[in-house]
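One chain, chain A, appears in both complexes that follow, with chain B as partner in the first and chain C in the second.
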Partner chain A sequence: MSFLIARSIDDAVAAMAQGARPVAGGSDLVVGARHGVDSLPDDLVAIDRIRELAQIEVNTDGCAIGAGVTHARLMVDETIVRRYPGLADAAALVGSPATRNVGTVGGNIMNGSPAMDTGAPLLVLEATVELRSEVGTRTLPIAGLWTGPRHTAASATELCTSIFLSTPRDRSSSAYVRLEYRRAMEIAVVGAAASVQLNDDGTIAATKIALTAVAPTVVAISVDLIGRPADEQALAMVAAAASDQATPISDLRASDHYRRHTIGVMAKRAFDAAARRAQGEHIAVPVNRTLGIGASS
Partner chain B sequence: MATGSETPAPYPELATNCVGDQGVAAWAGPQFSCHAVHVRVDRETGVARVLDVSAAHDSGTILNPLGALGQIEGGITMGIGQALSEGTRYDDTGRQLNPGLLEYKLQTAADTPTVRTCFIEPGGEGAGPRGAKGLAEAPNVATAAAISNAIAQVIGQPVRQLPMTAERVWLTANELLHSEISNGTGGES
Partner chain C sequence: MSDSVVAVNLRVNGTEYPLAIAMSRNLLGVLRNEVGLTGTKEGCDDCECGACMVLLDGQPVNSCSYLAVQAQGRQVTTVEGLVVDDKLHDLQRNILEAGGVQCGFCTPGMLMSACALLERNPTPTREEIQLGISGNLCRCTGYARIIDAIERSI
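Here is the complex of A and B:
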């Protein structure tokens, strides 16, 4: 049993090369251990004091979010809220204020839960993930990160160091909504993220939709809306595509039947909010609270 | 052990006429209460949210106002959980499937609605010392029923099982929708 507090990424990946598991907020690691999902690793390396991991860097190409940035910071960061509101929508719904203060975006995506909130918005924003080990650094599209429930393409010696998002195009935006039964300490029953880019005439130039908690991983779905207006018919197409392409299971929280229905509802609401934001409408983060979705007032 | 039909021995002196050692009859002063709730239902998903609760309680003279208020607010929050989210689940062998607070869904502070409380004082005949009566569990007796009535008003019929989870509300609303279509009356109300 060992516990090392890393001061730098080099420290952290060196410890991981020796078999240590990284811990930032511990909100998945410790909860998982207490519920018998996994026992606590013998060797831990704490990465929450590595300054480099806690930065949000913006340049002309886009925005690099350190893996150690907390949900509490993501949900209010000016760049994230303005340019990537779908990610802020998701961060604002994670757990409770206490969870958001310790939980990190890197932890959320590397835990690999199909019910993670930040996964779907990062997928529609076409994020790339930087993984670092003692051997070197590689980047991969986030769509290639998740290989199954709680499994990622990263090896045990690779640390997720940052997540990169390209500068959004004009007249584009994003949104994330989820079905929730209560307003804190909740896990997405189902969830959906959408990014929408509009042409000057208001028709759809590009759109991406991703679903939470209806498949072994967060998944993108395809629906051909290019050239159409973002109207009721488009919303119906999004809902139908999401319900058709979802492969939900039944568990304590919902039946597969109910999930298949509600994922359509969440997908169309996410698409609608993203399209309205792309048109310039201000819909405050998170969409769930602002538009009264699920257990919102 | 004695058997037969003898006359039982008299009660001790203090308990004659069912009174306690204060000389006060138990149950002689029943309490009454009424809850009114304001509920919003997301028709497409069945998620119900309680926005406001008004509670009127006749518990006689309130001896500890802060404690009594807390009892009512806590009881109502418990009643909302009972109505919407709290329920133990078991597998075929009787093992509880949701033994922790991660899956057994209590209401959180973020879910708690505005609660307005009105005490009806004094409580009339038969009350205890200084006109006090009981409070205890009364604050969570009416809540779930009031929420059920409110949901029924929105979706057209009551949900017949607690907790009234989003899925159950959605299923109940849809059965009504289907029966209306089959009866030719059509459409969602």
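Here is the complex of A and C:
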């Protein structure tokens, strides 16, 4: 039984090789232990003071977000808000100010909840995840990270160190919206993210849509909109595809029937916001508050 | 849960507390029991209600769901730390005068969230105040007078 405050990634992965579990803010780990999801591990390594994990590095290829970057920082970071607003939309909706201060993007994606907010925008932005262990470093597309509810492709000795996003194309943008019953300390009833790239004539050059809390993991859906204008008909196609391809369950938060309907609404709103942003319209982060989606005050 | 005991130096309201605590203990319990500061309240004990809010290096944190050993080397501020030279903080005086206290159980957590909000945004709008205390539940006041009190403290 041990507790170590790691100062470097090397320290952290060495401790993990000996069986320690990483803890950043603990907002999933500690609450989960209390609920009996998993007992608190015997050996913990705190990773919240590793400087390398707390950086957002931008270069000509794109942006590497340290796994230890908090939601509070993501939602206001100038690069994230300008280039990847869908991710900022999601970070701004997580929990409360207190949750966002301790919760990290790495923790959010590695906890593997199908209701995580940052997962869907990272999926539509085609993020790449870096995993590091004592043995070495590997990267994988985020689409291959989640293998089931609360399960990832990472082994117990691999630490998520960063998330890479490519430089966005011209006339492209992203958005994330969610259905919520209240404005804080909420978990998505359903959520949707979209990325949209437009041609010079305003037609759709590329788009990706991903859904939150309607399948065992965050999932991408397919809908063929290439060459079409981002109009009412496109929105209807997005809504229909989302409702058709979702595989929701019923639980105390919503019935499967309600989720299947509302995921269509959320998907078309996410697509609409992303398309409007791609056209140059300023829609402030988070879209939920700016456009009055979800719970009102 | 593990019972591994860890030596921790907690710095609370500017005072050092050298402690030996089990790794699994939450910050809330250690503040109330070992440190002896009972202003911070246990509400839901589930990261939902905000009664346990303290500041960690100036940022609000739910102390019920934060491991005490992780606070090593950080500055912890509790509601007791708002009082300087036996004088109430503006927020404390205003929440009393505005009628923002009924049962009082949420008050310490509200004050800590409000304090952090005004620290990072000295002139919040009413909507920004609402979002600033959105992690704090109050079942008595209906929030209006709490928000009034924070507005008066700007």
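Quick note on the criterion: the second predicted complex is superposed on the first by the 296 of 297 C-alpha atoms of A that agree within 3 Å, B and C clash if a C-alpha of one lies under 4 Å from a C-alpha of the other, contacts with A are read in each partner's own complex, and residues count from 1 in each chain.
Heads up, the rule we're going with is that contacts are C-beta pairs under 8 Å (C-beta built on N, C-alpha and C of every residue); 3 or more make two chains touch, one makes a residue touch a chain.
Predicted model only: the values in this text are computed from it and were never measured.
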- [ ] Would you check which partner chain A:Met1 touches, where first means chain B only, second means chain C only, and both and neither mean what they say?
- [x] second
TODO: Scan A:Val31 for contacts with chain B and chain C and give back first, second, both or neither.
DONE: both
TODO: Please indicate which partner A:Thr262 is in contact with in the superposed arrangement: first for chain B, second for chain C, both, or neither.
DONE: first
- [ ] Examine A:Ala192 and indicate which partner it touches, taking first as chain B and second as chain C; both and neither are also allowed.
- [x] neither
Open item on the list: For A:Leu44 in the superposed arrangement: first (chain B), second (chain C), both or neither?
Closed with: second
Open item on the list: Quick one: is A:Ile221 in contact with chain B, with chain C, with both, or with neither? Answer first, second, both or neither.
Closed with: neither
Task: Which of chain B and chain C A:Gly95 touches, first, second, both or neither - done: second
TODO: Kindly classify A:Tyr181 by the partners it touches after superposition: chain B alone (first), chain C alone (second), both, or neither?
DONE: first
- [ ] Once the structures are superposed on A, label A:Gly292 by its partner contacts, choosing first (chain B), second (chain C), both or neither.
- [x] first
Task: On chain A, the residue positions that both chain B and chain C contact, one per complex - done: 31, 96, 183-185, 297
- [ ] Please give the residue numbers of chain A that touch chain B in the complex, ascending.
- [x] 31, 35, 96, 179-185, 187, 189, 252-255, 258, 261-262, 265, 292-297
Open item on the list: Please output the residues of chain C touching chain A within their complex, sorted ascending.
Closed with: 1-4, 6, 23-24, 26, 45-48, 50, 53, 56, 59-62, 65-67, 69-70, 72-73, 113, 116-117, 127, 130-132, 134-136
Task: Sites on chain A touched by chain C in the complex - done: 1-3, 5, 23, 25-27, 30-31, 33-34, 39-44, 46, 48, 72, 95-99, 101-102, 183-185, 297
Task: Residue numbers on chain B that touch chain A, as the complex places them - done: 40, 42, 44-45, 47, 49, 51, 84-85, 89, 97-98, 100-103, 105, 107-111, 165-167, 170-171
